[in-house]
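Heads up, the thing below is written out as structure tokens.
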Amino acid sequence: DENKLEELREQGFARVAIANEPPFTAVGADGKVSGAAPDVAREIFKRLGVPEIVASISEYGAMIPGLQAGRHDAITAGLFMKPERCAAVAYSQPILCDAEAFALKKGNPLKLKSYKDIADNPDAKIGAPGGGTEEKLALEAGVPRDRVIVVPDGQSGLKMLQDGRIDVYSLPVLSIHDLVSKANDPNIEVVAPVEGAPVYCDGAAFRKGDEALRDAFDVELAKMKESGEFAKIIEPYGFSAKAAMSTTREKLCAAK
Amino acid sequence: MPEPIIRIDNIVKRYGPLTVLDGLSMEVMPGEKLALIGPSGSGKTTILRILMTLETISDGFIQVDGEQLYHVKKNGQLVPADERHLHKMREKIGMVFQHFNLFPHKCVLDNVTLAPILTKGMPRAAAEKRAMELLDMVGLADKAKSMPAQLSGGQKQRVAIARALALSPKIMLFDEVTSALDPELVEEVLNVMRKLAAETDMTMLLVTHEMGFAHDFADRVLFFDRGKIVEEGKPEDIFRHPKQERTQTFLRKIIAAGHRV
Amino acid sequence: MIDWSGYIGLILEGAWVTVQLTLMGSALAVVVAFAAGLGRLSRFMAVRALATTYIEFFRGTSIFVQLFWAYFVLPFAGITLTPLQAGVLALGLNVGAYGAEVVRGAVKAIGREQREACIALNLSRYQAMRHIILPQALPLMLPTFGNNAIELLKGTAVVSLISLTDMTFQAQVVRAQTGNTLIPFATILVLYFVMAWLISLGMRWLERRVSRGLDGLRV
Amino acid sequence: MEWDWEFVRQIMPTLIEGLQITILATILGAAVAAVIGLVFAILRMTAPAPIARATSFAVEFIRGTPLLVQLYFIFYVLPDIGIRLPALLAGVIGLGIHYGTYAAEVYRAGIENVPRGQWEAAKATNLTARQTWMHVILPQAIPPMIPALANYLIAMFKETPLLSAITVLELMNQAKSIANSNYRYIEPMTLVGVFFLIMSLISVFFLRWLEERYARVDER
Amino acid sequence: MPEPIIRIDNIVKRYGPLTVLDGLSMEVMPGEKLALIGPSGSGKTTILRILMTLETISDGFIQVDGEQLYHVKKNGQLVPADERHLHKMREKIGMVFQHFNLFPHKCVLDNVTLAPILTKGMPRAAAEKRAMELLDMVGLADKAKSMPAQLSGGQKQRVAIARALALSPKIMLFDEVTSALDPELVEEVLNVMRKLAAETDMTMLLVTHEMGFAHDFADRVLFFDRGKIVEEGKPEDIFRHPKQERTQTFLRKIIAAGHRV
């Protein structure tokens, strides 16, 4: 609705949905929300006159329904732009770009390099966040439902991989690196990027109908990209500002 | 000649296929003491429960103190009474049960004062004063603060009598008030009842198997059998010279079982 | 080195949310338990039907479904609840439905004789319920209410699935941040147990209070 | 957002797949609970005091803590000590142990409700302990337990959605997965509710029947 | 002179601080019919339960049919008996309870055959044949297929007697076998007992408050009071000329309560 921004200003904060998947989004020991996506959003909302963001952690699958149900004002969680999602929500211009990666047992015993490889090996089980891009990619590549294990969060995924419950755990490259480095487990290795999987970018997602807010957000985002402040926020997390600036929402939403 | 205070006119009471009262009619004069006797299942309890509005009637009319009990006039027609009317009529009637039915979570005094305070809006102080008089009358003034569980059966029943009296009903109904008591406790309750009969002009209906007490207590005895009044009359006549075969048989059995008549 | 003190703090914050949920959920449950339990004993057909529908519906569908419904579907009917509100609502209504049967059973257990004594003393239905039936029924309800409260406490863990930052949710967060599974989960298991234990202590104390003077025969 | 019957038709087969897993988990869980409950009950009633007390504490502990957390524990912590269970098995064991504590109470009450005179009559007719249990006590104790046990079976059925948290693809998880990939919660969640409601209405009648069938034997 | 079949030697039974049997000694001859009478709480039930090994003893010795009941010899010393020994000893003893304690889930016939089949390994056919004889003896052959719940109290007690007899014990214990019965059913059970006393040479111990029956049934009467045998003797002597003050008081009370002596 047209006055959304006014409402948010009055209320003094915006409610955003995040995951808990460093480096996209993270929660500190003190409960403080950080990560590249919320940091960017926080800065832009501040410039728009909304001093605070209030984040709630959510499963990927629950984010869009939650947005539609009015539970959040925006999603800032590394939710990659894809045509169906573009149809369901109003995305801002690209913010964080990343390719997909696999974490798997040392030496890649099943020789998995692409989602297709998983589909072709009847013994291979993949773990992925529910409702995330990776789950879709795996299903689209032809992995049957019962070999795509929906994993509630990154830590569980890694644990299941270590315990041998799954053979490969798929997340964006930076997330996998963050996870694996934290685990510090010599028996885990990373395949990145996954062959044949496109590079994706996320944007802040708004409800359909809140395009005015989205547009205002885009204006500030463009200014920050221009001034280099954008790069200053996301590059310490490992993201590339150039990747985000070299593509557009229109391209990503149209991509097959 | 005064009007009867209770006029029961051809009432029928059925439980499903079972007809318990079958066209029963009777009248009770103000101040009269009535004993209802008869074999088990003959409908004695039922008629008391109907007067107390604990049951409904299937057919017939009952007039209490000049008003219909189960009916009200509406546009010149008698229609079944609503809860409001029943509530008003119950003010005239009190009942004492075989199993006392005291409120176990309230002390003796509260058992007696509860209804006057709630239903008549009596101030607590006045209600307690009157309750203490009544408890004194039944010989239990010193138990006012006891809980029912601490009383013997005879004491409980005397409290129950005081509780019913506290509402000053015009009519009192007693349903086998001593038959749940140990034999040695019966007398203390009967004594209270005797005093009551002698000192007040309340109308009383008493169901009992204590023929001796019925004899002393009642102005008139009704003998019930299978939902009908088979015989009625002065106690001397009924107990000494019963006319009906069924009355004779009943009294013979009772005497054989060791009850004094 | 992991900053455990900070993470324990996080779990304690979650514990506070769990406590709030339990208290508010129980409060709601008690209210609806009495409303629905007495509703089922009403002399009005419509009230009885309503109460029965509520009870069967909330006992019949799972708490999870109710929770997801309150959180994701209700907003489309124009009712947007915070996660805490949705949690309290779902838990309260769910446990309340079980409590309603307890209330009904206890009220019915107070025999016909007590009701008849009330009629003979000309108490109104409300007065009889308020002064005679409920005070006697309450001690009968309390033990089962205690169990229900513990069921509700355990039910609060489920709200973590709708992103309410209760104790279980915070344990998940800590686990994600630290990579350690045992410590956060063992901690919250103990905390839950302590809470359940406090509930049963409290209920036993309450029981003793309300049933004072009622010991002995009920005749 | 509007209700979409076409979408309902489309997702029905997937949901029914989930329902099958739900029912399977319930049945297996019930079997585990029945056995574990018996073990708990016997330990509590007949084991030496320290073991009986330890069992009591374990039962209290399991009953006082959420099944969800216990499931996480079984699924994510046990592998650290080398016990790695498949998701469904972990779920069944979690359900079984949790509800076993309830079943234990039912067993205990059922056995204690057999009048003392029956034990004495068995002794007076010189039956051995085993014969007493098999021919006198259990045949009397079990029928009255059945409604209570069935009650817990139904409760357990309604708690199976918890298994979605440990990646079992039961009804709730299928529904969530559908919701996740279609961004629609109304239909899948409502349908799950309807499934549960139907099952539980059926079970209400089933329970009434059980209660009548196994009404108490009225002799001591 | 034959050996006593039961020799109770200075036994003590305590429940916590309460001493119920206080150094009790007695002997029973084979085939003797004993009646144990005395006020409530005097320990009559307790001594029967001890003989049936439903209780343990705190001190003393009991010899049954030439063997120690609660003790076994081990390396020349008497040590407490194990379950195996008790099991063997119980073969000699049967008991009939005040509340029958039939197995409610088994039909009458199965109640009677269960123990012979299980404990003696009797073939089912033989067990059923013998059971039918016993049921015939107690007058219930036609009820063989009934469930206990379908029987009256008197019938239940007669089944219980048949059940105990089915194991052919040498000693039968009867604990107030008629006191849970409606008065009109007492006689049918007593008739069975009379027949039993007349026709078998079993040793029988009977606790009863039916003084008339005790008089007819017993060879010897023991009067218990506070865990001791206060007086014993032939029925005529005990009932007509009791020597002890306490026996006299007890009998006076019993007569006042309407029991025939």
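Read from first to last, the chains carry the letters A, B, C, D and E; within each, the first residue is number 1.
Here is the rule we go by: contacts are C-beta pairs under 8 Å (C-beta built on N, C-alpha and C of every residue); 3 or more make two chains touch, one makes a residue touch a chain.
As the structure is a computational prediction, the values presented were derived from the model and not from experiment.
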Ignoring chain C, split the rest of the assembly into groups that are still joined by touch. A, D, E | B
Listed by label, which chains are in contact with chain B and with chain D? C
Tell me the fewest steps from chain B to chain E, where a step is a jump to a chain it touches. 3
Farthest chain from chain C by C-alpha centroid distance is chain E
Work out the mean Cα position per chain and let me know which chain is farthest from chain B. A
In whole angstrom, how far does the Cα centroid of chain A sit from the Cα centroid of chain E? 85
Rounded to the nearest Å, the gap separating the Cα centres of chain B and chain C is 46
Just give me the whole-number Å value for how far the CA centre of chain A lies from that of chain C. 38
Hey, how far is the Cα centre of chain A from the one of chain D, in Å? 39
Multi-chain contacts in chain B: which residues touch at least two other chains? none
Going by the contact rule already set, what residues in chain D reach two or more other chains? 1, 76, 165, 179, 185
Contacts with 2+ other chains: residues of chain C: 72-73, 76, 175, 181
Write out all the pairs of touching chains, ordered by chain label. A-C, A-D, B-C, C-D, D-E
Of chain D, residues touching chain E in the complex: 115, 117-118, 120-121, 123-129, 131, 135-136, 139-140, 217-220
For chain D, which residues count as touching chain C in their complex? 1, 60-61, 63-70, 72-73, 76-77, 80, 158-162, 165, 172, 179, 185-186, 189-190, 192-193, 196-197, 200-201, 204
Of chain D, residues touching chain A in the complex: 1, 76, 79, 84, 86-87, 165, 167, 169, 173, 176-177, 179-181, 183-185
The answer for chain A against chain C in the complex is residues 20, 26-31, 56-59, 62, 65-66, 69-71, 152-155, 158-159, 182-183
Chain D-touching residues of chain C, taken from the complex the two chains share: 56-57, 59-66, 68-69, 72-73, 76, 150, 153-158, 160-161, 168, 171, 175, 181-182, 185-186, 188-189, 192-193, 195-197
